[in-house]
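First subunit A sits with subunit B, and in the next complex the same chain sits with subunit C.
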Partner chain A sequence: MSLVADPTAPASPPAAQAPLLDVRNLSVSFRLRSAPFAPKRRLRAVDDASFTIGAGETLGLVGESGSGKSTTGRGVLGLVRADSGVVQLAGTEVTALRGGDLRRFRRHAQMVFQDPYSSLDPSAQVGDSVAEPLKVHTDLRGQALQDRVGELFERVGLGRQHLRRYPYEFSGGQRQRIAIARAIALRPKLVVCDEAVSALDVSTQNQVINLLEDLRDADGTSYLFISHDLGVVRHIAHRVAVMYLGRLVEIGPTERLFAAPAHPYTVALLDASPVPDPVVQRSRTRTVLEGDLPDPSNPPPGCPFSTRCPSVMDVCRQVMPEPVAVAGGGVVRCHLHTAGGSAPAGLVPSGAG
Partner chain B sequence: MTAIAAPATLALDVEDLSVEFVADRRWVRVVDGVSFSVRRGETLAVVGESGSGKSVTNLAVMGLINAPQGRITSGRVLLEGTDLRALERRALEDVRGNRIAMVFQEPMTSLNPAYRVGDQIAEVVRRHRGVSRSAARARAVEALDHVGIPQASSRARAYPHEFSGGMRQRVMIAMAIACEPAVLVADEPTTALDVTIQAQALDLLRQMRDDLGMALVFITHDLAVVADIADRVMVMYGGQAVETAEVHELFAHPRHPYTEGLMRSMPQVGLRGRRLASIPGQPPRPTALPPGCRFAPRCPYALPKCDVPPPLVDVVPGHATRCVRADELVLRGPR
Partner chain C sequence: MTDTGSLEQRPGRPLEADPWSTFTGPAVAADQVVAVTSFRRFLRRFAGQPMAVGALAVLVVLVLAAIAAPRIAPFDPLAQDLQDTLQGPTSEHWLGTDELGRDVLSRMLFAARVSLVAAAQAVLLAIALGVLPGLMAGFLRGWVDAVISRITDAVMSFPPLLLAIAIVGVFGPSLTNAMLAVGVIFAPRFLRVTRGAVLAAREETFVEASRSIGTPVLRIIATRILPNILSPLLVQTSLALGFAMLAEASLSFLGLGVQPPDASWGAMIGRAYRFLAQTPTLVVFPGIAIAVCVLAFNILGDGLRDSFGRDTRGAGR
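What follows is the complex of A and B.
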């Protein structure tokens, strides 16, 4: 399932049959700690999110801080308890697993975090950090284990001579390679990458993105690729989901979403992302959103984006729009699409290409 | 955009600045002979990756390199004609926050969490302007209003934690501009912000620069932000300036292979399914710099003659590069 054959063709995800990951109506909330006798409040971090990821497919998940993208990733792996909804991975209902079953399931779904310096044990040799999941989940021991760890190091572009070193001896990009080696050690079906390249410098960031794509193409691994960087997501993802204040507001094929975004928030995100070309960047007419994300513990009624939306209507402040199919693929939750059927002119971002 | 040609007076003129830090019990040079200047109303972007020396350069400009771990070994820092390096500590403090001010990446660590934001800004005003408490407080509210904090007079009584990240960065900018400085140094001021908030912050910095006629030194790793805000650009690598040019010229005709590598590495440029360009290897450590051109070990165009340290020379007026092959190479920008 090489994507390299025709580099310009936007390769569609290889799996059209049952998706590898099926998330339905996932909601996750956290209890807010407030004053001792204050009424208990809950923060809805993820509210009624539904999406799928096929085998070998990469779904980009974008949104700003506090939008719930990381919590969605954790919910998918069973690292946070869902309030409601169902997460199925390769037929296993993750949301129903508890205790040992959940631990044994984890070999099928792994995570790569933003900061490999805090996700790798600073006092352990990196070889041992990568060997740990193999010790827990497999019978590999001794030389066979060492050989497998050495292979993993070579796969992520590090030599075996690095096995006995400590995390501080590596640069950020190398540490992220080690974190990836650990994540793929058990050949998981799904890897959740949570801002996995965000802390890296541009010149090393691309080395890691290329590595992730190579591994995907070789093993057919699926990625849930969480990032705030639309440029990176546009490159790596087959489809993109956009979150705002705990809600999935739009999802669709990457090409369509960037060329013809359907949700006003997606338009605003694309407008706000600067283009690395002064001629293009300075000739764009762009809408700069006013204000901030509302307080997630006290979301506005109706559509969560209604407080900042340039196209807001009365109905938006009262009713959460239902998902509607978008021409060109995907789904949007916006009254502009439920009311009239299609978005008004001018809802396509300027110069986002 | 600001005209480049006008021979306006230089707000900030830095010449041959070098900074060393102690590492492994010896002095290691982390900024090596950096020179740049900024006019009032102009924005200079300083671009580089982590460890390139871009932040240390500007800490040195602000007089914030302290013994015994660090020292400035050479250079002049002329702020409106006054050499800051020649000033006594007290005189330097009179200038800092007054004629030259700084905005940092993380506003939560630069604001005092225990004081109301209005009082923190008023303190700066009182220190430099010697006005009454009430006049200083009024100026603080004015500054908060200027940077677009709604209901500035009541928000001035709030504490830093009561603001969102974007609003906190506005508070930092209000504090920096409260005394109407000639030069504002902004070190990755939008890096911690979400993209829609970043767009607001860039617009705000631009507006403040124009309203107050400030010179803006904008330190960033993000070429897309440079494309948005800069008039001129200085690219740093391994503690040195490797290329300086007017922004359109730089993107259209980069003359240093490192600049080209950075531009070609922007993910927006690559198509999906196609491998992203990347620069092989890692940036050099200041303790183990290559003997010649510092980029040579990673440079696709390196030749034996690159083993000699190249000087920074003008290829065309206003466009300088530190590459001995500049005349023979045809390098490409992001387009």
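What follows is the complex of A and C.
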């Protein structure tokens, strides 16, 4: 799995009516724990994120570590409370649900976690772990429950004889398939895959991704596919969203985004991924970012990327750019594409660059 | 590492060329039909530890002997024979006689009942007082944790023996009151062990997975948290039984525990040490009993920890 030009890239998603998932201006922040009585500081993990996912569509969410990808996924599922913004899944406003209502609603949206070694209870048989969502949300019990769990195991390429084993008896890829079986047990409309293949080796990644694609084709499941691996995202996602310091800086159809990235950060991200052809790789002129992510509890004013952007302009340091439509589909938040305040041409980098 | 001539990675090569991409079959090589239940796994690992098995055997024998004391004791433990006092081991009195001519072996068998029951009482009370608040403190955190933890600190800051003497002083000297005191003293240990284990368990991804499934909180605690904190609790229980036995011996030695004519091992030592010069065996035999019993509980605790612990690739055999 790498940045291979992929003839099997997913076909366009089904014609979009009302989107299955509609996220508008989602913001999530955490209170930072410091000494008692010290002034409280808040870390804005996700800031004003808006995106949609259609039925049967896969949205890839990429970005560096600490950019807020996972928090976005958890915010969508209501696992962390949103400060502001609205998350609607199939017409239900997730962000307005509380307590038992939110708990019952969870059957419609499930999650696959990064580390299959810790996402399954080591003291429980894997069959029990997969049965948990069925026990909580359905009336299936006894033999009927066992049969259903057995079917799920077979769907993910394991056998019924594995039901009564413990997680340590499985390899990483097998465990991740068990975690997927648990996530799809209730036929959820949306599955959030949080770095679901990042902990697996490459051949196992392929198995798991193919499994996810098969399930999508069979059930029409939508995925929010969080990953830092651009090759994987390019393969599985219909559209890709790029996140930087809690902000969605660009979103667009996979082909356009990889062929013609609009945001300088997307360009840098693509440049950072190696191309698996040594000739091409040597001849590339690459934009290499300097420095690290700024402190998310103290983000720079204006565009969050202004501290590292190679094309930074004066306006970038003061004003957060508004979303602008990109030719070829999608939206970008960058002053290179806006009227750009004091820099009308918009494409002229400042001398400091 | 990278072979520049590698054809496998050339752009344009379809992913289907990867032989694993079509892999769907079951991937576990050995398909044993026999399911290994958690209890069997525990037994298998426990059986691999001869020390722990030995300790368990010793304790089982002790408990059986205590239960059967009225049938197997060669003499009435209270029957005095003032012509035959302070003897060492003889063929008639295997472990000798005390200052009133009572048979030491018979008294020790009956004392075993007192000592074991007292230790069990104290530990059960400690579990009852400690585990639930520990669960609450660890799972709810916040101010609940703060309040519970400060109370724990306060109880732990008392010198244990002084606290016991104070409780016995208020309620009067009896074995039950002494064990009440020991239970109160041990409760904070259970609380802390529980709280720590819950704090660790609640951060596990599988707990978040249960939350994302929509499992109710009490069910998460019962099915995901409790099984994963069971092993430190069991270890703590075993160790506490040993300590409670020692505490009972200390209190009875001081005359604050079991009252005459009944005896526990500690009380027997307490009476016998005055005759140390004449008949040292009077102190030695109950002392050995206490030492063996405490040691057995400790070894059993270690063995339980090693065999009941969470299975990892390294530990699982």
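One rule holds for everything that comes next: the second predicted complex is superposed on the first by the 328 of 353 C-alpha atoms of A that agree within 3 Å, B and C clash if a C-alpha of one lies under 4 Å from a C-alpha of the other, contacts with A are read in each partner's own complex, and residues count from 1 in each chain.
Criterion: a contact is a pair of C-beta atoms (placed from the backbone, for glycine too) under 8 Å apart; a residue touches a chain by one contact, two chains touch by 3 or more.
Since the structure is predicted, the reported quantities are computational estimates derived from the model, not experimental observations.
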Touched partner set for A:231, first subunit B, second subunit C, both or neither: first
Which of subunit B and subunit C A:110 touches, first, second, both or neither: second
Which superposed partner A:272 touches (first subunit B, second subunit C, both, neither): first
Partner chain in contact with A:207 - subunit B first, subunit C second, else both or neither: both
Subunit B versus subunit C as contact partner of A:124, first or second or both or neither: second
Touching partner for A:159 - first (subunit B), second (subunit C), both, neither: second
Touched partner set for A:64, first subunit B, second subunit C, both or neither: first
Subunit B versus subunit C as contact partner of A:168, first or second or both or neither: second
Which superposed partner A:286 touches (first subunit B, second subunit C, both, neither): first
Residues on subunit A lying within both footprints (that of subunit B and that of subunit C): 3-4, 6-8, 171, 173-174, 203-204, 206-207, 210, 235, 275-278, 280
Residue ranges of subunit C touching subunit A (in the complex, touch as defined): 2, 4, 9-16, 18, 20-28, 31-33, 35-38, 41, 204-206, 208-216, 219, 223-224, 227-228, 230, 310-313, 316
Subunit A residues within the subunit C interface of the complex: 1-8, 77, 79, 102-107, 110-111, 113, 115, 118-125, 129, 132-133, 136-137, 157-159, 161-162, 164-166, 168-171, 173-174, 179, 182, 203-204, 206-207, 210, 235, 275-278, 280
Partner subunit A, residues of subunit B touching it in the complex: 1, 49-50, 164-167, 194-200, 202-203, 221-228, 230, 247-248, 251, 261-263, 265-280, 282-283, 333-335
Subunit A residues touching subunit B - in the complex, by the definition given at the top: 3-4, 6-11, 64-65, 171-174, 201-207, 209-210, 213, 228-232, 234-236, 254, 268-269, 271-282, 286, 288-290, 292-293
